[in-house]
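Structure provided below as structure tokens; questions to follow.
The letters A, B, C, D and E name the chains in turn, as written, and every chain counts its residues from 1.
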Amino acid sequence: NNGGKEDEPKTIKIGLSGPLTGGAAIYGQAVKNGAMLALAEVNAKGGLQLEINMQDDEADSTKADTAYDELLDWGMQVSMFTVTSGAGTGVAPRYDEDHIFALTPSGSATTLVYSDTKVYETTFQMCFSDPNQGVGSADYIKEHNLGTKVAIIYKSDCVYSTGIAQKFVARAGEIGLEIVFQGAFDDSSATDFTTQLQGAKAAGADVLFLPIYYEPASSILKQASDMGYAPIFFGVDGMDGILTMKGFDTSLAEGVYLLTPFAADATDDLTVHFVTEYQKAYGEIPNQFAADAYDVVYALYQALTAGNVTYDMNAQTIADIMIAQFTTMTFDGVTGTSVTWAANGEVSKAPKAVVIKNGVYVNAE
Amino acid sequence: MEKMFKKIFDKKHISRTVSYLIVIVGYIIIQLMMNTVGIKNLFKSLLVPTCCYIVAALSLNLVVGVSGELSLGHSGFMSVGAFAGILVSGLLEPYLAMGWLRLLIAMLVGGVIAGIVGLLISIPVLKLQGDYLAIVTLAFCQIIKSLLNNIYLGVDNNGLHFSFVQNKVVLSNGGRMLLSGPMGATATTRLATFTAGFLLILFALLIIYNLTYSRFGRTIMAARDNRIAAESVGIHIRNTKMLAFVISAILAGMSGALFGLNYSTLQPAKFDFNLSILILVYVVLGGLGNMTGTIFATIILYVLPELLRGLQDYRMLIYSMILILIMLVTNNQSLKEKVEALILKIKTRFLKKGSVAND
Amino acid sequence: MALLEVNDINVYYGSIHAIKSVSFKVNEGEIISLIGANGAGKTTILQTISGLLKSTTGSIIFDGKDITQTPAHKIVYLGLAQCCEGRRIFQQMTVLENLEMGAYSQPDSTIKENLERVFERFPRLKERRRQIAGTLSGGEQQMLAMGRAMMSNPKILLLDEPSMGLSPILVDEIFDIIKTLNQHGTTILLVEQNAQKALKITDRGYVLETGRIVKSAKGKELLDDDDVKKAYLGG
Amino acid sequence: MAFLSYLINGMGLGSVYAIIALGYTMVYGIAKMLNFAHGDVIMIGAYTAFYCLTMFKLSTFTSIIISVVVCTILGIIIEKFAYKPLRKASSLSVLITAIGISYFLQNLAQILFGTDPKVFPELMRNSTFSLFKGQLTLSYKTLLTIIACILIMIFLTIFVNKTKTGKAMRACSQDKEAAQLMGINVDNTISITFAIGSGLAAIAAVLLCITYSTFTPTLGSMPGIKAFTAAVFGGIGSIPGAFVGGLLLGIIETLTKAYLSTQLSDAIVFMVLIIVLLIKPSGLLGKRIHEKV
Amino acid sequence: MTKLVQYPSGAYVLERDAYSTPVLETYHLGIDFGGLSAVNNFNIIVGPTEISGLIGPNGAGKTTVFNLLTKVYQPSKGTILVNGHDTSKMTTVDVNKAGVARTFQNIRLFEKMSVIDNVKVAMNNSMHYNPLSAIFRTPKYYREEKRIHQKALELLDIFNMSDLANTEAGSLPYGAQRRLEIVRALATKPSLLLLDEPAAGMNPNETKELMATIRNIRDKFNIAIILIEHDMSLVMNICEGIAVLNYGRIIAKGTPKDIQNNPVVIEAYLGKPEKED
């Protein structure tokens, strides 16, 4: 009927925004790599064809807003939401209002899926939410008797870090875990941690909880070792990646616990496949961001296929199908098996505690 | 006839009229387009922030260009205005349904509070000179950011709850967090409109121009050109500079409030040193004291990175190269001379024609 | 032979044509004066010779070399020094450091001897050699500017209003110094508002009006010239 | 004893600020410009040394030398292409250009070296020694940084005040035209200033990385601002001032974190800075230049 | 030439000023710069309509005296009375409001502003409208601006500069800049005008014109003028009283005649008189 085949869509358009430049670009780049790897694999299957458009948002909520509009103009049908929580919080209400389905790989704040007053129907998470991690960590430390006096060092200008720390502290109070020291740092003081470490040491902390990303964590490990302070370090999923940092002396991380859904050294087929392919494509070992992004694409693919979504459907129709799928389906990926989603969008997967031994993750159980 | 041409060519008049005209015509065109052919979502979403940045840049130009003091902390005032505005709007929401009125009140309150902060800051700031002044404004911006990153403020039936520590704010059922540390303000009702932005620009231009071309503007510029001489003719330098500083803070606060109410989430980290610098770039590129130029520079430089989106990772690299090139080209002496000569030519031709017609 | 030869130079400030086809000569051992009203272009000519400004046409020959396109900092090494209008001393350096800078183009071994010479002419500078130059009085700064120019022991010295702001005694002294310098072999190109005094010690003078040379004659002749008297000598 | 060890930590942090501040102040003092790209030159220095050490397996000494050379050349290139054409432009235009250069270097590094953090190889093993029966540990790195800082400060002070080139630099900073009339090649002199400032950046980079090991392309921006603050704190343009300012800033920051608040340390540090500037409006060691009227 | 009479304090003033409060009195005025006593025990009394000269060798402390009078420097010792009021607590701004205006040895104009705006700045304190009035352009704003515009033009006319009104001050020729400085100082309605080397850089013709104008200003505005000048033709012609400064101290005071023939002054400052002319 009309001009030619060219106008007919031949892909499902998936939007994504994340930091590609600026200080948080590491995370955006990792997500991009993971997503692109999965995209190539999925499209190679020859079934439903997907297309991803990633916009730079510099991890800034106002820029994410603009990026969202750019994606709308492009004709986004489904979304991978944003990479960071801060950026995602800003656009979550818009996804909800416009009724576009969005599954974030790594935006872990609860504010991405619900606010104080309402649940965003169309937004879902692939990663653990911050409260999960905070509560999970506190419980694990208590149950396994890792220590009696806990210190925390967190990043006060980071939504992710303060979110986890906050829940950890609250949970610790509930279960009777003694917190002896809380130290903060921020962007402009993210190199020198000796003062906080000394504070923790002086308070007699035997467990140091680090709800932060691996870059500052590596400095903390080093500086603690330099000053001869050796508590049990306990990290969260942001800690993943520390072993693969170029030039990092892995002996520093010996004995570090972390709660993570993904371990690059796992031996299951999926992980092995993902890690080898990733290394082939990008020459480095994937971290948890890349893994979550990889899973997001597969999860979307699974739901799109199961829901019989076609190229010409509009975003709103697709959203209804996806919501129905996600609240009922089970997904197996590199960051967890038998993964399910609650109606509010939070993911449910088993956090794995691992401990680093001889430079590799070992199941802590 | 000649007189008329001379008047039109009089720099003051020409630039003032041009700025008002550009703003009004621009607004009309965009409105027409929105109502007829429609514009892309991307551009629609850039309209309000562009207006905010224009006002921020105009107000900074009052300090940097007209008053001659380098301020590296302008985003601090935007920040104060933004969060004050969001709070006011949030608190009024249950009682006042009219969005535009809430927006207006929020902007006014944002402006006033930023103005008060500006007044307080100006006391230490204006005791200093040059780069020392610059560093104190920068310090101020850092302080604001650092404080806001650690403020937890919530409201429930028992009123406001405030703390510097995250877990201390416990709200009863139905309570809402207004500010939550680095997360800032979330779930804000978006009230900002392009029309509000347009009116704010006009308001800013009105204040800045009318102030500049009055006895206050003269004293501000005199204090800039020669401090000692200004004092010797009875100009109180500090009061003078303070006026510029506070007015600039008020306008920045208003633009911040509008900016804040354009998004459902706003984090304090947004208003960092880099934003101050960005606004400063608009000012310098637009020309010190040149308001029309500032408007253009802001539009171009704010929209540019968005146009470069297709370049992905290379976006900011290209942007920085363009920035450097623009600075080099606009400061190129020989180029400038050529342009000047051209303008002179046109001017003389016009004047001659004018006088001939007159004879 | 002419030590300095200026042929048909034109200088512009943007679109302002400040110097219009100016040509003149300074012979070795002479004292030459340029006189003219405020804004006539005297300073501009000196700055063009010393290389700070560039002429769009013509040539400047110094000591047999074409220096039209030579950058200012190289011209100094050829033996040409300028004492600027408005002193232009290094405000935040000490008096002594200022003088050392004057000898920048000279081998270090000559500094001491030159310094002696300057201090002999300006004892006040010796007294104040550790003072920060910017805090000197106007007249002291003028002495410093002269002294600094003398430090490079130049073949030709361009002086731009050296007597400005000096007390009557010092004005006389400055003109004496100029004469003495000249007698010791330094050629002088002098720009002065104080035309009366300048022309008295001048061999030849040029009268400048809005960027053009309108008259040139022996110093004594100019002193008696009615037009010059009326315009520049207040007679 | 705790206080003392906090003090020493503070000095360690401060000496890193100081060494960057010295570069700032050096360029500011002569070229009268805030070289906001200084921090990013440091970043380039860090990557150069890193790759020399890890990829090319060069010795520590050779790596440092290469890094110094690369930074020096980079400094000269930046000066030639970006700052020199702006000699006659307003200082603000130069400031903005410097910021442009800073963005450029950061983004270029992101593309060239990737965004993932790198860990600098351990150059000094077994690096602490104890005093007072182990109650006070002091790392050799801190000691090294402080000593390097003092040496550089002394070198710069002597260079700028006593050598002919140094004096020529100061002359250029005060009156470029008059300096030319003295026979000083202004362009070369300013190039030398940048060369020295950038060479220092490489040394700062290595010291920074020895102390804080992890680095990314944004390495330069944070210490850049802190060091700028330190330079102003000590009196911008004053070389000993940069040293004292950096050291004090580090100590204040550490003590604030230790005794007042880790969360609000930034706010408190900057508050202290404002108060100090109110008492000494031209920084701790800056000379108040009285304009002669 | 007018006669000088003695005040009870012993100071000499013009006879016509003898029965009114002096516009300026200084007692034991002094300042040190790190050991250098730039001005020391400086005492003068200036009557309300006197043109007096302050001369002395370079570095004698003349400009410093002006800086002390206008509080650019705070005196280390002594008292300054302006129209009988003690100025010890005043700033530069207050001193100007009390009636002292000055020019500078190194010209200090508001270079990027137009000539007329330079003058208007100085009239700022006699304008009465507030910022709101300016922003919303009330009738009062227009009234005041118009009034001041007229006045500024009138003042510029003293030096025939009203046609330069819209030129940028920094681009004026040197001589015009000096004159503009004087107009600007006058615009603050001073009772005492301090001129620091007004004729520097002017040629003899311009100097002559300036001389006439200074006299005119005094007659028209009825104010006192102190001028620092090295051009003796100007000083000796228009000053009614002269003080000579050397090494920060007054070494002679009196009428031009007294000074010209004072051997101490000749020795320290004037040098041997010119042979001809």
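In the analysis below, a residue touches a chain if its C-beta (ideal position, glycine included) is under 8 Å from a C-beta of that chain, and two chains touch if they have at least 3 such contacts.
This one's a predicted model, so the numbers in the text were calculated from it and none came from an experiment.
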Most distant chain from chain C by Cα centroid: A
Reference chain E; chain at largest CA-centroid distance: A
Comparison of C-D and B-C by number of C-beta pairs in contact, larger one: C-D
Whole-Å gap separating chain B and chain C, where each centre is the average of the chain's CA atoms: 50
Length of the line joining the C-alpha centres of chain A and chain E, rounded to whole Å: 75
Mean-CA-position distance for chain D and chain B (Å): 32
Set of chain E residues in contact with two or more other chains: 63, 72, 104-106
Set of chain B residues in contact with two or more other chains: 142, 146, 150, 228, 313, 316
Chain A: positions in contact with at least two other chains: 21-22, 156, 186-188
List of chain D residues in touch with chain A within their complex: 2, 5-6, 9, 12-13, 50, 54, 107, 110, 114-122, 127-128, 137, 139, 141, 208, 212-214, 216, 218, 221-223, 225-226, 253-254, 257-258, 262-263, 265-266
Touch list for chain D against partner chain B, complex: 28, 34, 82, 85-86, 88-90, 92-93, 95-97, 99-101, 103-104, 106-108, 110-111, 225, 228-229, 232-233, 236, 261, 263-264, 266-267, 270-271, 273-274, 277-278, 281-283, 291, 293
Chain D partner contacts - residues on chain A that touch it in the complex: 21-23, 25-26, 28-29, 156, 182-192, 194-196, 198-199, 202, 214-216, 218-219, 222, 226-228, 245-249, 284
Interface residues, chain B side, partner chain E - complex: 206-207, 210-211, 214-216, 218-219, 221-222, 225-226, 228-237, 243, 247
In the complex, chain B residues that touch chain A: 40-42, 44-46, 49, 142, 145-146, 149-150, 166-167, 175-177, 181-183, 186-187, 259, 262-270, 306, 309, 312-313, 315-316
